[in-house]
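Heads up, the next two complexes both have chain A, just with different partners, chain B and then chain C.
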Partner chain A sequence: MPSYTAPVKDMQFLLHDVLKVTEAGIEGYADLDEGFTSAVLEEAGKVASGVLAPLNAVGDREGCTLENGVVRTPKGFKEAFEAMKQGGWTALDCDPAYGGQGLPYLMGTAVGEIFVSANMAFNMYQGLTHGAYSAIHTHGTPEQKAMYLPKMVSCDWTGTMNLTEPHCGTDLGLMRTKAEPQADGSYRITGQKIFISAGDHDLSENVIHLVLAKAPGGGEGTKGISLFIVPKFLVNDDGSLGARNAVSVGKIEEKMGIHGNATCVMNYDGATGWLLGDLHKGMRAMFTMMNEARLGVGLQGYAVAEAAYQNALNYAKDRLQGRAVTGAENPDAPADPLIVHPDIRRNLMEQKSFVEGARALTFWGAHLIDRSVRQDDEAAEGLISLMIPVIKGFQTDKGFEMAVQAQQVYGGHGYIEEWGMSQFARDARIAMIYEGANGVQALDLVGRKLAQDGGKHVMAFFEMVKAEVKAHDDDARMAPFAEALKTASKQLQQAAMFFMAQGMKNPNAALAGSYDFMHLMGHVCMGLMWTRMARAAFTALDEGRGDADFLNTKIATGRFYMARQLPACAMHLARIETGADPVMALAAEAF
Partner chain B sequence: MPSYTAPVKDMQFLLHDVLKVTEAGIEGYADLDEGFTSAVLEEAGKVASGVLAPLNAVGDREGCTLENGVVRTPKGFKEAFEAMKQGGWTALDCDPAYGGQGLPYLMGTAVGEIFVSANMAFNMYQGLTHGAYSAIHTHGTPEQKAMYLPKMVSCDWTGTMNLTEPHCGTDLGLMRTKAEPQADGSYRITGQKIFISAGDHDLSENVIHLVLAKAPGGGEGTKGISLFIVPKFLVNDDGSLGARNAVSVGKIEEKMGIHGNATCVMNYDGATGWLLGDLHKGMRAMFTMMNEARLGVGLQGYAVAEAAYQNALNYAKDRLQGRAVTGAENPDAPADPLIVHPDIRRNLMEQKSFVEGARALTFWGAHLIDRSVRQDDEAAEGLISLMIPVIKGFQTDKGFEMAVQAQQVYGGHGYIEEWGMSQFARDARIAMIYEGANGVQALDLVGRKLAQDGGKHVMAFFEMVKAEVKAHDDDARMAPFAEALKTASKQLQQAAMFFMAQGMKNPNAALAGSYDFMHLMGHVCMGLMWTRMARAAFTALDEGRGDADFLNTKIATGRFYMARQLPACAMHLARIETGADPVMALAAEAF
Partner chain C sequence: MKVLVPVKRVIDYNVKVRVKADGSGVDLANVKMSMNPFDEIAVEEAIRLKEKGVATEVVVVSIGVKQSQETLRTALAMGADRAILIEAAADVHTDIEPLAVAKLLAGVVKEEAPGIVLAGKQAIDNDMNATGQMLAALLGWSQATFASELAVEGDKATVTREVDGGLQTISVALPAVVTVDLRLNEPRYASLPNIMKAKSKPLATKTPADYGVDVSPRLTVVKTTEPAGRKAGVKVGSVDELIAKLKDEAGVI
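Up next, the complex of A and B:
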């Protein structure tokens, strides 16, 4: 069975050597000294390794069941959820006004990675609740906040997000669920929602559904959509639970993975709901939470890959098979360990360099969200909005790819469920699909984000990369990083210019290259992160701080990424520059 | 539920316009006229669509069960297997001396693709039997052939291959299963074998296991290994079934996919076996079947992708979501079909151009095997041996990737088992692992095949590509093909020269780039195939033969591959030329 150990040392390096959190001047960051963050992360790691990871395979095998309208989670989930609540882990970065601990989002992200790596399906119950908490916290009335937030911060009540319907996922304008206003100010919600993660279960006393629906008078398409709070049990004025609402689980979907999470069809049959935020502004309310939600999914991409990598590495060190081509390294045993073989090394280095780069990118993204939210920093807000589709799309594509590569290290055993590597690949697969399929992320990036605010944010991104490249002119050790980053970022700029030149004349030319652009930008972001990490590692070495072995390994891992992975940028550029013609040559009937 | 239609038109184009089988001068090929091959393929298509495809999801859902030592296949498999036998499909390319129809291996390959696309797990029962048939046909005594082959041709008896043990897969020198010679000329076989596909089941009267084991006196490592025939039921001299042999199923593995096939742990407890081929030459006997076995797995890679593609295409045409960026194409409906979106097109074109290219490469490979076996053509034998790791490794990697992309077209529905797209991805995954994991294919290619016979075969390959590039100097329509192929093949040569320059000095430098080389060569092979297909399509158009729509679509699909996929070659070359350093920089303990 797979095991998991939280990568606390790597996280500490990011927080203190790369992001230098205590000097960042962001509200709440001054408290994040090394001792404090280390204590939090170590403690989270204990829960992850001891409580959550052992339940990962159980959740996969048992799945959730629906009997007589009641959803049951796998054995042990209820006790583990209780332990998470008791440990205060559900309240980490929530508002102290409602019982939260008020830590920065960055700390919630670091701890979140640890829990996702240990048990992605389990962590979704809490993750969805956090999303619903954020929506109510941002858009709720004072009464709504007082009624729902304390119970959601503690996870006594959990939350869900209801967007998709059988005939519409991405195109929410086709939505049919309707909301009819009632005399008492409430709405009657009627319709069917599908793919509702954590839709119902036995972990909490109540489930607070946030439901998108069409209320009269808003007009066609997405304009008429509003957001509603629809609790499973109505809440009395004194906060106690009242009658069961007219919402029920139609079925639990059989999925490829994340079996431990109940993905439900939810039927609203005239359920009582209350408007959250402004009437007919439901899409906007959803969008304000989108950065955090999508960063959270991008995190799942590499967090599952981290867990898969740890196990692949252990297997590569333990499993004896064949001999090193340069001579036996384990002469007293019948064979050498897998890790002596160059192609196994290539595979492991690809995993390691991706996971560490993605962690850096995600932590940096979380720090930008803190800067945006806590400091009202518009530049940070613009930058993270630009990067979100990259973090979500690139990291989940690569995270799945790396989980598949980790599985490959096990040979035939990787295909046998008992060994647990298949689950990592199957679980990671969903992150490419939900919260906006990755093709939609690419469309968002190229069709919206590049041009947003007159292209201000992408220009700022290019300036930042340029500054990073120039910062190392006087350090020959940094040349492999700065030069590769420079080449890659020029390729990215050239791709962006190609899109601009095609512009409005030929929008298909840009969109035909959108997926490649997302990956090209992903590699540039990773190159930027590796350059920063290498600089931080050299600095620490120069100053005699930290663990020299760790720092030298960090630099070597970064060199691998720059040398072996950034060459993908030229390929993506070449593809992009073929424009729309090869992609759109055929009429639909010709396929 | 997914559906499947055999791509008979594309197969006919390959057989008659590209390979021109009736003019090939290979024994048995003259009979393969258009009418005959069309009739065979259409008939196979009917069985595939009507009988096998509907059982694909059943097999996935039910899997195989082991109760009281008896293995049961999913409901309907027995009847379908009977239909395959009655239709003569198991005997297609077998020796007429033992009841086969004697068709070329190429025809067996084409029909095999159809059956694999429809139901990969089901087809493995017959596929493994064919492999065991080939081994006995090549290495058996006249008595062994007479005893086993007629029943295996008809699939009254099925076959298996037993190589892997719990502690050794790739490194068979570690094998522990032993064979003790008996006074009557038989051997007592004792040991445990794992991952035995079709290891036991209820589809046939007997199962003929081919088992690798160590007989005394052969020396260390793989040298001492011999191959044995170990029937489930001993066979009496009159051909009737005798006593149960001491071989039993330890368990059926729970796998990620191909649930319809029983992957067994087989326990040999002093089972009676007979030597097949020469004593202590078991590895060599296995290797003679390796080309066919690995081509068959390379076929699975694209055959499953073909089935996944067909369904993704249908979904993209049916599912209404969003509007074309260039204006509504379906103005009377609430939305346009998915296929109007450029990124969906990109995705579909990647699938289509891969599958058709891989089909061409596989058919060409099968034709080379026929040329090698039926004409004793050593150049063909050398060429196919060189290409086999590419066909197996590249096609199964890409086949899985494309099945995942097909799943992605379905959005959230792709993750739900009910829709069947997850199964394609899960089933396709195994082809990257078994019959030599793809890292081992890359090692075989770079470590053995490139240098084989003094590099003669790879030089012949380069000459062939060069001739193909030159053949189109006078046809401007072919320029996009010839130029891209020329660039890519130069990159492949440069990579091969890099390996040679590193040579014996630094074997890790070549092996660190082996995986990239396998993919680089895969793209060059695909480019070669697309160039040949384009030429054949232009010729047919010029001569007014064939379906002009089909031929123009073929050319456009090829242009897509050359423009959008061949740029990967430069990336692989750049990675290769970084050598061993980035890959091997870390000590094993530093990970």
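Up next, the complex of A and C:
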């Protein structure tokens, strides 16, 4: 069975050597000294390894069940959820006014990675609740906040997000679920939602559904959509639970992965709901949480890959198969361990350099969200909005690819279920689809984010990369990083120029290249992160701080990424510059 | 009643220990270090005594390098009230010997006057199994080692001890030194709020000189070696052959 150890050392390096959190000047960051963050991450790691990871395979095997309208989670989930609640982990970055611990979102992200790596399906019950908490915290009335937030911070009540309907996934303008206003100010919600994660289960006393629906007078398309709070059990004025609301689970889906998380069809049959935020402004309300939600899914991509990588690495050291081409390295045994083979090394280096780069990008993104939310920093807000589709799309595509590569290290044993490697690949797959399928992330990036605010944010991004390249002029050790980053960022700029020139006259040309652009930009972001990490590692070495083995490994891993992965940028650019023709050449009926 | 719990920072039990090339000891540079697991059990038991209303305060003490602060913070996060760090070494490879530790603890006991010292039965790095016993001797207190159950009533403690071949239950007069074994309890995970509270709990820093103790080593490590690898086994063809081998070669039956 797979095991998991939290990568605390790597996280500490990012927090203290790369992001230098205590000097960042962001509210709450001064308290994040090394001893404290290490204590938090170590303890989260203990819970992850001791409680959550052992349930990962159980959840996969047992899945959730629906009997007589009641959803049950796999054996052990309830006790583990209780342990998470008792440990205060669900409240980590929530508002102290409602019982939260008030730590920065960055710390929530680091701890979140640990829990997702250990058990992605399990962690979604809390993750969805956090999303619903954020929505109510941002858009709720004081009464709504007082009624729902304390129970959601503690996870006594959990939350869901209800967007998708059978005929309406990406295109929410097609939504049919209706909200009819009632005399008492509430609404009657009628319609069917599908694929609702954590839609119902036995982990909490109540489930607070956030439901997008159309109220009269809002007009066509997404404009008419409003957001509603629809609790499973109505809540009395004194906070106690009242009658069961008219919402029920139609079925739970059988699916490829994340079996431990109940994916539900939710039927709303005149259920009582209350408007959250402004009438007909539901989409806008959802958008304010988009950055956090999508960063969270981008995190799932590399967090699952991290768990898969750890096990693949152990396996590569244990499994004896074949001899090193340069001569036996393990002469007393009939064969050498897999790790001696260059192709296995390639595989492991691709996993390692991706996971560490993605972790850096995600932590940096979380720090930008803190900067934008806690310091009202508009530049940070612009930058993170630009990068969110990249973090979500690129990291989940690569995360899945790397989970498959980890599976490959196991040969045939990766394909059978006994070793648990197949689960990582199956679990990682969904992150490419939900919270906006990756093709739609590419569309968002190229169709919306590039041109947003007159292209201000992408220009700022290019300037930042340029400055990073320049900053290392005087250090020859940094040349492999700065030069590769320079080349890649020029390719990215060239692609952006191509879109600008083509975009107006032939929008298909831009969208045909959008997926490649998302990946091109993903590699540039990773190159930027590896440049920063290498710089931080050299500095620590120069100052005689830290673990020299760790720092030298970091630099060598970065060199691998710059030398072996950044060249993909040239390929993506070449594809982009072919425009729409090769892609659109066939008429639909010619397929 | 106060409970004093000594905690040691040791190589994490998950780490694969590597012997230094010169055989002078094991490599501890940049290796993950954690609280000695037996000490974790002792801290847990002390906190339970406090939760039961038997203990009024749990004081943890660590002797070693500055980084032992982290170990003390872990104990504070679990629920200890206050910590004392006796900084007795600068190099992580310096191990303070049991007798010096016992003398320092005796000094702390004189200042703190606890009703019980709850210690781990041994540290998993050197496996000396000596500190608790030496401390009891220095103090002239009763001792109960290898505890798998502990009940305190009035001025007595009833302790079930894990001994060869079974369990022995004894009653000791307080104050006493009790050293704990693996099965006494299962230590809790520290909660996030308690980790945050631990930041502001008092941690006093002392030196051996404050207690007038000389910590210079009295023992010499001659050599440290890896355990010998296991020899290859043999496959036996039948039960009869196995029995014959056990009788004639191994001489065990």
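By definition in this document, the second predicted complex is superposed on the first by the 591 of 591 C-alpha atoms of A that agree within 3 Å, B and C clash if a C-alpha of one lies under 4 Å from a C-alpha of the other, contacts with A are read in each partner's own complex, and residues count from 1 in each chain.
Just so we're on the same page, a residue touches a chain if its C-beta (ideal position, glycine included) is under 8 Å from a C-beta of that chain, and two chains touch if they have at least 3 such contacts.
Source: prediction; values computed, not measured.
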| item | value |
| --- | --- |
| First (chain B), second (chain C), both or neither touched by A:325 | first |
| Touching partner for A:170 - first (chain B), second (chain C), both, neither | first |
| Residue contacts with chain A in the superposition, chain B compared against chain C | B |
| Which superposed partner A:223 touches (first chain B, second chain C, both, neither) | neither |
| First, second, both or neither for A:507, with chain B first and chain C second | first |
| A:432 touches, of chain B and chain C: first, second, both or neither? | first |
| First (chain B), second (chain C), both or neither touched by A:549 | both |
| Common ground on chain A, meaning residues reached by chain C in one complex and by chain B in the other | 549 |
| Contacting residues of chain A [partner chain C, same complex] | 5, 9, 31, 35-36, 38-40, 42-43, 46-47, 50-51, 83, 86-89, 91-92, 101, 546-550 |
| Chain A partner contacts - residues on chain B that touch it in the complex | 164, 167-171, 173-174, 194-195, 253-257, 313, 317, 320-322, 325-326, 334-335, 337, 339-349, 352, 400, 404, 407-408, 411-412, 414-418, 422, 425-426, 429-430, 432-434, 437-439, 442-443, 447, 507-508, 511-512, 514-515, 549, 552-553, 556-557, 559-560, 563-564, 567-568, 570-571, 574-575, 578, 580, 582-586, 588, 590-591 |
| Complex contacts: residues of chain C adjacent to chain A | 14, 29-30, 32, 69-70, 73-74, 77, 189-196, 198-199 |
